[in-house]
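Quick notes on the structure that follows.
So that you can tell them apart, the chains are marked A, B and C in the order they are listed, and the count of residues begins at 1 in each.
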């Protein structure tokens, strides 16, 4: 494999990792602070993607569409929280799974009804199209590059907020000792709402920036959600830093693995065998990684302090 | 007398009589529906052993149905016809997969366990989709099915019906005995309070692993029979949405209730058929129904049916 | 040979030393009390003996056998019994069933998939007898959720006793008990003391003076005083530790 190809794969891996981080961050926050298992988080991602599609069609401006989509994602998330989720915080995980499962079924079907079952796509905006020359031999799509930067910016922003602001402190406290926070007189309900809203927006943002790259279709959130789960298991539930590291790791391993697996196997085994096993192994890689981490560090790479 | 036995007797009597009653009404296709419901019930009873009795909420149980189905399909494609041999293969393969995933997954509990079983279920799903020789994503139509020592009696019609019914009965009975046994009691103790169970002297993980293995193998058998019935196999059997469906059936029927699992399975199959024939987008109703059920009706069907049995009694 | 012997137990949580070179030995028929201000490391010590936590170094010997590397359930199988400071029972079972399950753990294999465990006469008889012993005879079939706090503390004890332990760890058994209930429990424990050596962590000084043969005072992870109750009562260091904390 040439160096250029390798670098491109790495960049793609980073990009996928950023996407995963945006989704995983909201997921791990909501779980860490509220103990709430949100299977419907992937739906937020889908909403973001469909919304940017719809708003671009409506307004013809990508930037405006992004802003509107984020707003819609936030409102949508808050609506779900108000209608359904806030009644589930004290319920068992089983109940949470069931309720969020019902929401996924409903929303996937709704997407199918409103937008049709076919895969939709939008092109990256004009001002972000084309490629940039990164090195002598390496050209990389501008849009993808920008998504990596955007993801990093969000990660830094989150880090800053969680580590240095009052609300961040409350989030960290809420993640480790929610009862204490409540006892201190903090409006726990409002804190939950904020955490949930932020999580929904992050996932929606991921959907927005993913829309020009990946296919927009009903159920698109489901599969990436599970990968997000793998990410937070590897990174440690409740830990944003862990989610970041794990997301990049998973993104890189998955992207590189898919291309490399067959190639690597055919070095050792014969071509037909490698072609059969290669793709299977590639799709299993991240789960093998997860299993490996579980054996060595059952609480994840960077577990949030105080998580029992 | 244990009330659940009465209800079960009624259910099985009904199922036993159906093949003779239904043709009278001229509804052959209904039998196929009942078979589908029974197969769902078998998998649900096995999951209920995990969730209701063991407190282990697995979001990847459909994976074992898929593994079982593909073990059978691959066996058939490789020329193995005898259903008993296929059964052994299914049990062995499912058991092995369950052992490996179980040992890893049971290093965790609660929500970690939930996510890990989900992830393993996905892993199985993707492995199945990559089996290009067996249809990959699209699945595989099977042109030859299992036989019972050369006879095709178990391939369709009432022969298959009674095999499935027999398996359902065996599953019901087996899980019934297990839950009343010493093993079942320890499992429930661990469900209630795993630390207390450890301090009583039970190595909780060991018991849970065995329950996980048993449940997986039963689910695998339902996969084998599904192949016989549908004459088709596809990775969708192992999709996480199917795992979710199984959980819905279990909760709908009431936790730790075999009869409830059967009733829940029938309810779901009927709802799907009826709703599906009225409205193509029936999921728009089904989804919110689930949410409402969770928010308002805890306990499920079984609670509505059973009189308040003494606590601790399982039905 | 002492029933329970702890040699040079050390445990650190990062930079915090919670157990410093602790050594204890308790022989047949003895009741050894462990007292100390809050945060001294008493419960941590109990956790290390019962296996919930692993000590960093040192040995724990039960009847001469080193149990330091055994799991919690293995230690129980070896004869160690324990009650919890915060009642921990099985909520969906009755008092009798809780006790019977505890008995089941030591009565042959539980890897039996047939038979009806709930109606096993031997287990139920043992459970019933144990519940009689602790004074819960007429509350046997009551679901645990309906038992009073005092009854639950007794159930805790019954569960530990049903496994016929060789040694008993008691973590604040008097916690939350009223005067009469407390007195009854002390009476019960003093009856048990003859046949069942025990390590008792308590704050209730009356109980300690009635039950303990030896008292160890644990402060900041170290035993600063050890001797008979009277000796310890007179010990200056012990008094300082307690008067300083305002306890007892």
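Following the convention adopted for this analysis, a contact is a pair of C-beta atoms (placed from the backbone, for glycine too) under 8 Å apart; a residue touches a chain by one contact, two chains touch by 3 or more.
Just so it is clear, the model here is predicted, and its values are computed rather than measured.
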item: Maximum centroid distance from subunit B, chain identifier (CA atoms); value: C
item: By mean Cα position, the chain sitting nearest the middle; value: B
item: Approximate Å spacing (C-alpha centroids) for the pair subunit B, subunit C; value: 43
item: Gap in Å, rounded to a whole number, between the CA centres of subunit B and subunit A; value: 31
item: Between subunit A and subunit C, centroid-to-centroid distance (C-alpha), Å; value: 48
item: Subunit C partner contacts - residues on subunit B that touch it in the complex; value: 177-178, 180-186, 188-189, 192-193, 195-204, 207, 210, 311-312
item: Residue ranges of subunit A touching subunit B (in the complex, touch as defined); value: 31, 35, 37, 84, 87-88, 91, 93-95, 97-99, 101-110, 112-113, 222-223, 226, 229-230, 232-233, 237, 276, 279-280, 283-284, 287, 290-291, 294-295, 298
item: For the subunit B and subunit A complex, residues of the former touching the latter; value: 51, 57, 59, 104, 107-108, 110-112, 114-116, 118-120, 122-123, 126-127, 129-133, 240-241, 244, 247-248, 251, 281, 283-284, 286-291, 293-295, 298
item: Residues on subunit C engaged by subunit B in the complex (per definition of touch); value: 50, 52, 71-74, 76-77, 82, 84, 88-94, 97, 101-102, 104-106, 109-118, 120, 143, 145, 159, 163
